[in-house]
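Two complexes are shown next, each including subunit A; its partner changes from subunit B in the first to subunit C in the second.
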Partner chain A sequence: MMRDQKLWTWHVVAGIVILFLLGLHMTIMHLDALTSIKTLNPAGGEPIDWENVVARGRMLVFPVTYVLLLGAALFHGLYGLRNILFELDPGPGLKKALSALLVVAGLGLFILGTWSALASFTLARSL
Partner chain B sequence: MPKTQGFPNRLGVRGWVGGGRWGIERYLYTLHRITGLGLVVYFLLHIIVTSSRAFSEEAWGWAMGAVSGGFFRLGEYLVFAAFAFHAVNGIRLILVELGFGVGRPIEPVYPYRTSVDHQRWLAVGALAIAGVLAVLGALDILMMR
Partner chain C sequence: MSDSTPKEVLYRVRRFEPGRDQAPRWQDFTIPRTPGMTVLDGLWTIKQTLDPTLSWRSSCRMGVCGSCGMLVNGRARLACNTQVSELGYGVVAVAPLPNFDIIRDLVPDLAPMFDSHAALMPYLIREDAAEQEKPTGEFAQSPEELEHYLQFSYCIKCGCCMAACPTVATDPVYSGPMPLGQAHRYNADGRDGGFARRREVLSGERGPWRCHFAGECSRVCPKGVDPAKAIQLMKRELVWDYIRLRKAHKPTCVTPKPKEIRRRPDIPEAPARTI
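Then we have the complex of A and B:
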């Protein structure tokens, strides 16, 4: 299998992972008034209220799935962006520079997101 | 991404606008790209903004206060609707890529039939499901809070 075929296959696999995890995230965070899942928003009010953020933050499943979703979404999104940019036929040098930039940006955001998922888990457990 | 094999993308971004002879599926392709780009931009900012929860309640309150109000509420809905469309249309694309719903290969005998004749129901179904999800999102995000 060629390198781009592998990357495309991972793009599709990441899309399926995102479908489930982001679907769950959207249901908890944005369809809360319709679904009323009290276990995940025990303080009532908005899902972004600090008490609800801390309550979810104490559950190990959240940082674990956040990191998985983070990795899948960053790869899916940045590889999709790379494909769109490459379709515009940039020169070989620009292609390499764009790929390098997207890899660095993706890794940087993955490190930031992973750190914040773990740090907020530790913080929530200490409160 | 496959090599272009020497055929440059002459139309560039302008090629996204016109559906040509490809019909509704071509416009879904354009909408898939626009929603995808919008979701990427939002997601990169979302990672940075939500990282504030790792510091303190005050930092979280400040960050959420900075993205509150009617404008951001509408933005939240647009992100939800974009996700709904991108996800459902993505399932359609995977099904088509794997050969589901496009019909069996047939002899090219006049009057010619294309796989588009077979897969149109997938496009209509995807739009219908995305529409239902968008309405549910509008009820929750814009009307019930």
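Then we have the complex of A and C:
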């Protein structure tokens, strides 16, 4: 089992990454009137307009940040869930089983999410 | 006491006698209320006049030894440091500290707490054992260095923080606020060089990671120590250590005794020793 010092440190790092990327998301999606970055909303209008979504979808930086956010959010959330479950005082065997289950679930969700991000990138490029 | 103050006080005491009782039970005692009476005074009155079998731990009666930690009206406190008058005119409910097994009546089994305390090596760890045995000087510290750990050194190990901690209540592996606070007290001491050895324990499940920062430990501490702060500072140190950004320090060197020191003329000679 990994030492809690390492897990906690990565938990904090993941939290900072989430904070930064969510800040970026809020800036792009909701503060567009203030930032007015033409590259992100080339068609003008709302950031969720189809043309703007497709234009952003073609940029490599977006699937990369999606995957990064996904990884950070999954690790942060599942480690927090593990802590909550461990407070129910399971036995050592059950602790190992729960940790393994959460790792498998996290990896599965990460693969699915990564595939979705890459698929949307490929689709946007083909349009 | 004014004329309107009740002349008597009702104590509701949690009793448990192993081998006789299946589970703890409450027992009521009515005793005279006296001026300046502490919860501990009341327990002594009960023992001396009503029930000599009532058991608890106490020693100094002045909030120094930490023996008489108990749950008084739902809050972990020192019985000797709690005036009955500050609890109002209602019932004084006294129970053993929660989160510990009960040995008898108001006596909790503090052994697990002290086992965790000992596992975290609550003493100065240095290479120069010979210097510690036969000192040739002193480990000088600046007032700023002293401030890093001074408040944590006021802990009297009464166990009130452990009784108030919601994580200790649910997680038997977690060391708890007292042992962790004391581990930080020594890690933060400039004379100590034992961080790496304590990290062996602190980096695992017995470390500070399960703390929710509920802050109850600091709220109930009868000595005004802030164990919750110590635990957060310890987490920060361990995170910095993991990413190799922790400022390592060498334990304070021995400062030799000053030579040719002269007493200032305005300071009188010390009186002769009497022992």
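The rule is short, and it goes like this: the second predicted complex is superposed on the first by the 97 of 127 C-alpha atoms of A that agree within 3 Å, B and C clash if a C-alpha of one lies under 4 Å from a C-alpha of the other, contacts with A are read in each partner's own complex, and residues count from 1 in each chain.
Here is the rule we use: contacts are C-beta pairs under 8 Å (C-beta built on N, C-alpha and C of every residue); 3 or more make two chains touch, one makes a residue touch a chain.
Computed from a prediction, not measured in an experiment: that's the story for all the values here.
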Touching partner for A:W8 - first (subunit B), second (subunit C), both, neither: both
Subunit A residues touched by each partner, larger count belonging to subunit B or subunit C: B
Contacts of A:V61 with subunit B and subunit C, given as first, second, both or neither: neither
Contacts of A:E87 with subunit B and subunit C, given as first, second, both or neither: both
On subunit A, the residue positions that both subunit B and subunit C contact, one per complex: 4, 7-8, 12, 83, 86-89
Subunit C - residues contacting subunit A, complex: 167, 170-172, 199, 202-205, 207, 209-210, 235, 238-239, 241-243
Complex contact set, residues of subunit A against subunit B: 4, 7-8, 12, 15-16, 18-19, 22-23, 26, 30-34, 46, 48, 50, 53, 57, 70, 73-74, 77-78, 80-84, 86-89, 105, 109, 112-113, 115-117, 119-120, 123
For the subunit A and subunit C complex, residues of the former touching the latter: 3-9, 12, 83, 86-89
In the complex with subunit A, residue positions of subunit B that touch it: 1-2, 4, 8-9, 12-13, 33, 36-37, 39-40, 43-44, 47-48, 50-51, 53-54, 56-57, 60-61, 64, 76, 80, 83, 87, 90-91, 94, 97, 136-137, 139-141, 144-145
